[in-house]
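The structures come next, written out as structure tokens.
There are two complexes below, and they share subunit A, which is joined by subunit B in the first and by subunit C in the second.
This part shows the complex of A and B:
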């Protein structure tokens, strides 16, 4: 009850700050979830290596920034190297595991474990952080708000729009839809489904790395950081509808806001627990998520 | 390679080679007389993890329920004993029935709806994952109830008549006794008609339903048994380390036990026990040489297993699908 009163007593400035916190947080979750949902929607793979890709992207960004001094170079290196790793993994191991969803889950689970342990072996368990390229604040709706978080929001929106366009406007998007729905028919019609799988996995992993790089200046990096993002992202894609790109965006935004405002009413851990409980209910009673029918995957 | 491993596995599970098992049990029994106390403590844990792996195999291998919640049930067992001893100052022995009851009730509440609704295995993975996270968060956040991040410390097993179970060797025999009884009991259970029903349900669930078996009920029962045995393993384990902390519920433990089960051969009963036993000894050995190495080795081994012999691993796991 005290929480309700506090929430009503929020000044407009505080309200805007929380709102933006929720959006920027939701964008990071969205970047993680969008990769997961693409990979699941198309390939049907529960990719448990995704969290490790987030952490790896973050660490590679930190290391490259440390040597070159440029945040842009760092984040580009993080995304590119993780994309290459995703390519290699997909080409060598993962593509053999697609027929068996459980093998895919177990295989990516093992890969994720190895990557995380190597990170913790190399960097130790202490967390590391990064200076943002945008250290100051920006005035937004009368609130001085950290510029880096605005940057995160801009990147998130850009990615959402680009991928939305990619899926709905391009030949490649059409091939993804076709392969996800009826891969045999798509192949007869000239779609190289193997390539589509590879490209999707690489794209998804690159998003994970981007999320890792972007979050490094906000939250300090630890080898296990990706796992907590990944768990949250899994719930987002369940509630949003497995394979639904729009659904994962919307639900990420909602979860971001719940986390931003929820702590006024409950302790953050309880907020997280209630989100997980909601996800369990969704799995049981609405496994296809909020919107009923996923877009990419049927 | 594949055939080789399969024949090895056959050899290990073959009834004619039971003398290996007998030798193993004898070796366990005489171990404290020939080795240092330090090593006995390590083997105690390895044996408990063996039981834990078998309990998970019942869900994963025998029933086909891919669960990401084993650590939660292991932790429930550990916390039940710790809570009884540390906070209520009651008898250590009271912890065990409480662990069993709590685990069984929680397993029923968690398992009933998903099993009745027959949600797909992918969804069962995610469902149990969410449950595992909630239980982990719960132990962290309810500081007054579970001790928060400090956990519940100073759990010490009591005197049993004139034997002090808090000492390493007596507790080793106590663990061996509990694990032995449960392993034999579960082995007999899975060889009984009930085990056959589970096996047949995995092979052709629809036909079993036509034959009048309530396969959902059998699965739910197996799920509850699995969770309960996991919690007993946790309840015994807490006596060796003396503290129930959130780290027992971490995802890492779930990951480890799944790896033990899969590498050992899901649905082979002995395999997961051996894998858990050997790999946790390896963990201890590597721990002194290369601390971070264990999980790397384990992960690589696991991926290699999945990559090189998926059929071997999945053979038993997937028999019900065809």
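This part shows the complex of A and C:
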């Protein structure tokens, strides 16, 4: 933390560094929030196991990289295995809880606890880290910036563009919209809403694992790491507007920048507190968030 | 003529309340059948039971030679039964075109899809003009056209229509009736639920009257045009 005057006198290079820090931090929040946005915003299930899935994805990536030596294989294995877990959980337990919000909360909370405890039991509570496939720095706008963080930014933007295209340009995107807004109507149009729910949950789980795998070289992995991301991710999807991907992206970027530049003035804890207070005030005035809108059937 | 739809001894319930009592009806291939009755008599429940939107029911629903009583709704629709619900259920945040695209079967090629959507826009030119508009911005009559168009674009062999003129202005009703007139002359079976028997009789081959969940009358148009039936079962 530095003084206000010093903060206002940042050199251009320092400013770019803080800006990039904000973007990469925001991108990690977005990657975690993107899976939640799909599941929470579209299915309506508050998936409290999402944070544990982030951690599981991170650990699976670390273990696979340790065995095969390939970061890419590690990421792929983490994403695939967590997606399979998401599929099994959705088909066996979660689909029964969609109409029961309290049971959905308890069920996913319980699943999250089990995953966290299994990780803790198997790997211990000591954090683990992973070497990045991009260990050096890249010169960006005259600033030497860690290459892995730039990689995270590129992946985040790619995910945002791909999911945006999936939701707005494809038949599956239409089916997700239809099912999320009224599954009974989607059914009379020939949409198998059960399959859409399953596919959405699997996709959301895969994003959780991707976030875990990508952040493993930046932040040390511990079984409870997902929980710390979850609070911010929930804030992002609520302020962005339920189920709005562009809302999640925008708010993730804003939060990332507030965190990066806020730390110039305040202790990190106070920055986080300020973000939550600002979000609460915002929600009072705009309860649907930036881009949330109701679908009305007439 | 062989039957495309047979409903046998259907009982349907909402919670503890029984709505339909041993209802049996049938529709022939390419036949047009009407279901008449006052509000709250079970007409909508009958259609919803046919497409399996009602879980709690007994009896049998057969489509051609297949028992579809417990078949999931989306599979019934994919088997070429289309349902236009009474409240239209348009996706108001989707465009007119997206509403139609959603109803086109997945296994159809892009060319055929475009052809089918083009046919709907030819039939309902106002929908064509508003293809890029959101469903929620359409008038009631246009939304009804879209609901019917959405059903037709799936290429159904059997069309279930629930009170398509309900809640529309008289001038729009005339327009919808013209569309229905056109529909019933094509090679397609239609099960049409209506309250207004006078307006509907010219469209159908035969029909049923439903009263408090029981089928109380059935017959051809001549039988159903009897004023006493109208007074007894259909006049409010």
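Throughout what follows, the second predicted complex is superposed on the first by the 284 of 298 C-alpha atoms of A that agree within 3 Å, B and C clash if a C-alpha of one lies under 4 Å from a C-alpha of the other, contacts with A are read in each partner's own complex, and residues count from 1 in each chain.
In this section, contacts are C-beta pairs under 8 Å (C-beta built on N, C-alpha and C of every residue); 3 or more make two chains touch, one makes a residue touch a chain.
Here the structure is a predicted model, which means the values were calculated and not measured.
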| Which partner does A:227 reach: the first (subunit B), the second (subunit C), both, or neither? | first
| field | First, second, both or neither for A:191, with subunit B first and subunit C second | value | second
| Is the number of subunit A residues in contact higher for subunit B or for subunit C? | B
| After superposition on the shared chain, which partner residues are touched by A:177: those of subunit B (first), subunit C (second), both, or neither? | second
| said: Quick one: is A:46 in contact with subunit B, with subunit C, with both, or with neither? Answer first, second, both or neither. | reply: first
| After superposition on the shared chain, which partner residues are touched by A:154: those of subunit B (first), subunit C (second), both, or neither? | neither
| request: Quick one: classify A:84 as touching subunit B (first), subunit C (second), both or neither. | output: neither
| remark: subunit C residues touching subunit A in their complex are 51, 53, 72-75, 77-78, 83, 85, 87-94, 98, 101-103, 105-106, 136, 140, 143, 150, 154
| note | Counting only contacts in the complex, subunit A reaches subunit B at residues 46, 93, 96-97, 100-103, 105-107, 109-111, 113-114, 117-118, 120-121, 227, 231, 234-235, 238, 267, 269-270, 272-273, 276-277, 279-280, 283-284, 287
| Contacting residues of subunit A [partner subunit C, same complex] | 171, 174-175, 177-178, 181-182, 184-194, 293, 295-298
| remark: Residue set of subunit B touching subunit A in the complex reads 66, 113-114, 117, 119-123, 125-127, 129-131, 133-134, 137-138, 140-141, 251, 255, 258-259, 262, 292-293, 295-296, 298-300, 302-303, 306-307, 310, 313-314, 317-318
